[in-house]
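Structures are listed in the sections that come next.
The following pair of complexes shares a single chain, subunit A, combined with subunit B in the former and subunit C in the latter.
So, the complex of A and B:
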């Protein structure tokens, strides 16, 4: 009986779980004790049932909301929740910091306009070297045509009649 | 005492008038060039500085006939003989710190043209009618150091 009390906790242990000396003692006791042998047989028969049942119960449950809640607590969100939260947080941030946001937005618009005017308007504003110089012309005599270029004027004579010069 | 005063006045007049006298002498760079509509498009290397003014014209071949540097004073007339035998006169009519006025006269065509340009600008003036697809031009620029 005292042996059964000492051996009983060892019954149901998995292979390799017990030290060698205890494993030999367990084997030797099971050979002589029918009650402990029956107990070992019941353990063997029910081995894994609890784990399988627990696993089945776990699979039957939807853990997605649980996961979302846990991730929300640690700062990670699902994409759908993140999008909703981002929009709300941006609007909330703007509402809270409108005194800073409005001038910043206005300054950004002004800078963009100035930059566009200065660097995007070069197709409209002529380069200094392409500016036509001031020119005063007094033409008399036979007709002349004046072309003005950035380097200076070009004066052309009216076409001759048949005589030429 | 009077002599000293007179001498001082003369010096003063000389000092005041010296800049004016210096401005009256104006160095100019004058060329006679020929433009032709015939032949392949070509331009003498010495005329490349005129490309911006000559490229809009119908002439495709440009050659330099004469190249002179003269000093002109206000009112002075310079005469140039063209290869076709015609004469063209150039007169400095006015000279200011930032602009100058030239008058180009073509006697054969009874043409008097007066042009006032800014400092560094060049005048390109046709000085002959077109014959066989070619014509002569006179170019004049003041302060030749610019170009």
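So, the complex of A and C:
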């Protein structure tokens, strides 16, 4: 039994893992000790099952979101996620800078409309009385635009500031 | 016709290093490929050590975040996989130890009482001789996770590293910072405990120890403590 205590931890070793002297002692002991042979057989019977079980569990799990989550944490985004975020970024940027963006956008729309109205060809030219009497762009308050038309002033309002600032 | 010599065939490690280089230079797809290549195995190692599937997921993510942070420091002296799983082992063990309440660790020494067959011999008989061996092994594998979860952290860890990573005694000693002799005895205890935990599956009732055994084990415990 005393030699079993010394030999037992060597059971389950792989070829080449033990010093030659220990490997010889293990082999000699197993030839004479039925209990240790049985122990070695039991260890061998279940060898590899832990890996088999854990890898099977890993393979059964849906890993689709894993890599995107990692990439997001390290600062990289998938092309699809990046496109989604970029679209959001544009809207966010407009929202944050609406005091500048809204008047600029409105002015561009007005200029394009006037240009089309005045020079856009016969099928889009309106009757003279329907034309814009004058164009006076006035920045009113922090973001509104007032257009002076023949029908009176038209106020283009900036969106509400939902940021609370 | 062109034949490539055996030396020209890229190995998985060559691929890893190429991907590491790409990731280092800021190529996100290079790093993404490394994650995809190793994610399940890292998760399996983490699951074996931390026991909880959701915690293992978080641990596996932390591992890749740390790997990404440390890419510039990876010298290539060991294989990328070795480096990766070294980080995985430490992150998983740290995670368990953070959550673990103080409990008495089992000793690694092997005593005579540890050598007794507590009835789990039926496992080798069934697995070795039954014509449905493959099926039985498959079914038994399904029970392994539950059995593994009954082991103390240090026994789970050493079994997982031995089996999933296939580490040798020397590699286990280096990874865990313990002596090779301790590796061997710890592995022995881990295997014995797995056998005992699987005993229920094999339909073997727990053996009631004889009074003499109880007395002897109590004496041994006093000696260990």
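As a convention for this text, the second predicted complex is superposed on the first by the 88 of 165 C-alpha atoms of A that agree within 3 Å, B and C clash if a C-alpha of one lies under 4 Å from a C-alpha of the other, contacts with A are read in each partner's own complex, and residues count from 1 in each chain.
One rule holds for everything that comes next: a residue touches a chain if its C-beta (ideal position, glycine included) is under 8 Å from a C-beta of that chain, and two chains touch if they have at least 3 such contacts.
Keep in mind that this is a model prediction, so the values were computed, not measured.
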item: Touching partner for A:39 - first (subunit B), second (subunit C), both, neither; value: second
item: Touched partner set for A:71, first subunit B, second subunit C, both or neither; value: second
item: Touched partner set for A:57, first subunit B, second subunit C, both or neither; value: second
item: First (subunit B), second (subunit C), both or neither touched by A:8; value: second
item: Subunit B versus subunit C as contact partner of A:17, first or second or both or neither; value: second
item: First (subunit B), second (subunit C), both or neither touched by A:31; value: neither
item: Contact breadth on subunit A, by residue count: subunit C or subunit B; value: C
item: Common interface residues of subunit A - those touching subunit B in one complex and subunit C in the other; value: none
item: Complex contacts: residues of subunit A adjacent to subunit B; value: 133-142, 144, 147, 149-157, 159-160, 164-165
item: Subunit A-facing residues of subunit C, complex; value: 28, 31-32, 35-36, 39-41, 43-45, 47-48, 53, 57, 60-61, 64-65, 68-69, 110-112, 114-115, 117, 120-121, 123-124, 127-128, 137, 140-145, 148, 159-160, 163-164, 168-170, 181, 184-185, 187-188, 191, 194-195, 198
item: Subunit C-touching residues of subunit A, taken from the complex the two chains share; value: 1-2, 4-5, 8-14, 17, 35-36, 38-39, 41-59, 61, 63, 66-67, 69-71, 73-74, 76-78
item: Partner subunit A, residues of subunit B touching it in the complex; value: 50, 52-54, 56-57, 84, 86, 99, 101, 104, 106, 108-118, 121-126, 128-131, 135, 141
